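Each of the next two complexes has chain A plus one more chain, namely chain B in the first and chain C in the second.
Moving on, here comes the complex of A and B:
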């Protein structure tokens, strides 16, 4: 079970992910609504894993991922993309993302992906 | 013709028999005693350890054949590649996304696609994948980056044991358009024409994600009655179906007595 930081600009998606991850026995140590807040919260909370939305205001998910990996190369980040944004995945791979979730998602598969990334 | 043991459904029961498989036809021995050219097959469905073959002609005849996987795999391959169906050579990736999670080792496979009456079949050297048309959730003509180029693909979302799976088909644009139109037509009864209000949309999204009623009530701060009203909207538009009805109960005097007595200390 891991300590997880959820990053998404919509409260609905954060709440949904929080419920799914909590039901899988994970601790939600924090939430962030944009990339800049995500980077700050990562430094403060040092979570085991981050779920990171890609399209967000201010600093987007890819930039936040790069910033987090620059300070902690072992950071485990799962990117969340909307359907039709799968091309962003390649960019995320280059930037060090460990997993990918496409919205809309189903709880069991999200938990499986989180487990895989945490145990990798 | 190579004969292999199998069972066929005959007059309402499963009967042991032999099935012969040749290059252009197969044969079911007694009691069916029929030779069937693959080109006369109009539909193929699969269930666990069995296939259902519909043969056209004067009147459609359906044969249900059960056998070991190896035999069914060979038979399916001959049927899919020769049956009376809309067929095209294509690359496919199935599954590419499962439950919203990208499958990291998913790759494009070269093969054939056959669109039959009840399903789409993808066949390659290694795989035989069937997507029943009544399990198709959406079809979209979209583009995807393949080897550095943005290429047009057909994206098919379908249900596999209640999981939403996404598959992609890649072929020349003109063929792709034909395939897309055909699939759109074949799945037109699940076309969404209704527009949901934001709250109902959010509830639908949560159901999709696997949340149960109590989680949805908590997340959206809805009462049980409000959620039931929203469920009724989803059911009436054909977007949802009742899985089970949850009960709310209150204790009878007998139940109250049981609880009261169970809480008495042993000293009383």
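Moving on, here comes the complex of A and C:
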């Protein structure tokens, strides 16, 4: 099971995701509320996987993804997205995202994606 | 899927923050401030609200936020202009969202009764605009997209043909396919795809596609990648002939380098010792804080009791231990007070919207300036303060600021100014609401005071401006009969005053006809625990806040004079009104100690039997059964378990 960093600007979403990931036996090593914090926490915690919200204040998820991948090309980042954000997710995939989960989150799908990306 | 109640609170709280952010940025957008930031912020908050609402299953709210997000996505990309009618519509949407949040907080699931028509209207706006792809604008510093071709040249590696299907339930099958291709590129080279890669990545395929890939990673690795989330591998076969045909363009074979995601760092990763994590912030329910505060108050009360017991017995060791406890309790109390402080922004944030609405309704132009929102106040006071402030601000726009024509005629700038400021004084928080409107005309007040029977014509004639303005706070002074600019000033101001007084605060008005009006609210930053002087009046105990006590003096009978119906005392060349508080405590046989009290620069004296000492006490509000008692702000329970009233000096003077 993986050590995961959750990035989202709302505590609501982070809690939701945290509980899903916990139920899948994962370890949440940290949380970040915006892209800048995400990059800093990544360096500090070196998690196995990051769940990254796209729309966030200050530094958005895609910029944060690029910054993380620039320091660690093997970083595994899953984008948290919503219907209608296809273009942004594609941009993220081109920037090195390894997976995506769609809001509203469904626990089995989230866990499947996390498992697959971790084992890749 | 999850315990809804656990999330409901969090949802409401964060949704309110985002709702407020939308409202404030809509107003900023209208005022022509930094447009791009405002648009981005609204888009972000609408998007966040949508996501949260969807997660909670509040469909009506999700749809509404989704439509708002769509509109802002267009605006952001230049496909739609922000017009006043659109702003109005969006503000109406925020009102509906607020209503939905109230309903959700009350445990309901909001219907789309109100939001449905709004969604239609928003869609109509969205259709007007030209469709623009929803893209995060690439930041100027972002590096160019990495080349699609892997940097290394793969030569002589086995080639495979694979057929992959994307789960039909996948929300973004194009992205899913794109991820697969990207992952394949990590371990090899894609020779071709059917249909073309562009088509696949645009989602133009029937759910299955074929990939010819060249890789040294082996069939198992390909299988793993092709059976990822929402993917299934339909067929995988080595393709010898392809290699033969294509190997011509393969240059010198490179030693098979390890895939970029070699297992080595993975092992290292799991072996790394876990860093101890630090959680720097937690959210605590207000109710729990209140309960904690009650416990701290009980501690303070019981500390007082212990001190009294200690005094009786005089045990040195006990005194020492008690003084240690005393210090800890004081520290704990200060800490709790600090934790309960909240920035005034929490209530200030809703006022720009109010100003805008009132100004629009009245056809006035108003600039609203808020300063000092970071000033902190105990949260127990926040709730009580919101309505009085709202009232004063609404009045400032409604009755203070003149119409643009009137302002022009008076040689003033067309745009009126309402300024809300907060600052921390030594002991108090001072909140001002100023406007540069018409001001209050004392002559009109004078006339009205006589008409309404508040003053006799003689008294009215000699009344000073301050005395006349003070009438505004009298119950029933102002009614709805309109006398142009001053009419509404008095509406409910008595209630405002009462509320502020119940918060141990004071309210003052200054007004200059033609120049404007200023309301000043002075509030203690916290009200629960105060320093009091304990006195005896007619044998009964009474507590007086030390902050109101100027001095204690001996009352010489010859210095007391009867003036009209009341007593006054000459104290060091100053004549002060003297109260015996007989109606509260009964007539005292002998009382020769004077306490000089002060509030807001004005002074008076009361006569007490003697002073009992000074101590820190917890003031508990009077229960609802007792109701509002003028002159008493609450009760306190000192160490001996007695119930002692706390004098409310603000209302006495």
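Going forward, the second predicted complex is superposed on the first by the 120 of 120 C-alpha atoms of A that agree within 3 Å, B and C clash if a C-alpha of one lies under 4 Å from a C-alpha of the other, contacts with A are read in each partner's own complex, and residues count from 1 in each chain.
Simple rule for what comes next: a contact is a pair of C-beta atoms (placed from the backbone, for glycine too) under 8 Å apart; a residue touches a chain by one contact, two chains touch by 3 or more.
The structure displayed is predicted, hence computed values, not measured ones.
Residue contacts after overlaying the shared chain place A:35 against neither chain B nor chain C.
Contacts of A:100 after superposition on the shared chain: both chain B and chain C are touched.
Contact with chain C, but none with chain B, is seen for A:74 once the two complexes are overlaid on the shared chain.
Chain A is touched at more residues by one of its partners, and among chain B and chain C that partner is C. Where the contact sets of chain A with chain B and with chain C meet, they give residues 12, 15-16, 19, 84, 86-87, 89-90, 99-100, 102-107, 109, 112-113.
Against chain A, in their complex, chain B makes its touches with residues 97-102, 104, 142, 144-145, 150, 163-164, 166, 202, 205-206, 208-211, 215, 219.
Listing the residues of chain A that touch chain C in their complex gives 3, 9-13, 15-16, 19, 29-30, 44-46, 48, 54-57, 60, 62-63, 66, 73-74, 81-91, 93-95, 97-100, 102-107, 109, 112-113, 116, 119-120. Considering their complex, residues 1-2, 6-7, 10-11, 14-15, 18, 41, 43-44, 47-48, 50-52, 54-55, 57, 66, 69-70, 133-136, 139, 142-143, 145-146, 171-172, 174-175, 178-179, 182-183, 201, 224-225, 228-229, 260-261, 265, 269, 272, 274-275, 277, 283 of chain C touch chain A. Residues of chain A touching chain B in their complex: 12, 15-16, 19-20, 23, 84, 86-87, 89-90, 99-110, 112-113.
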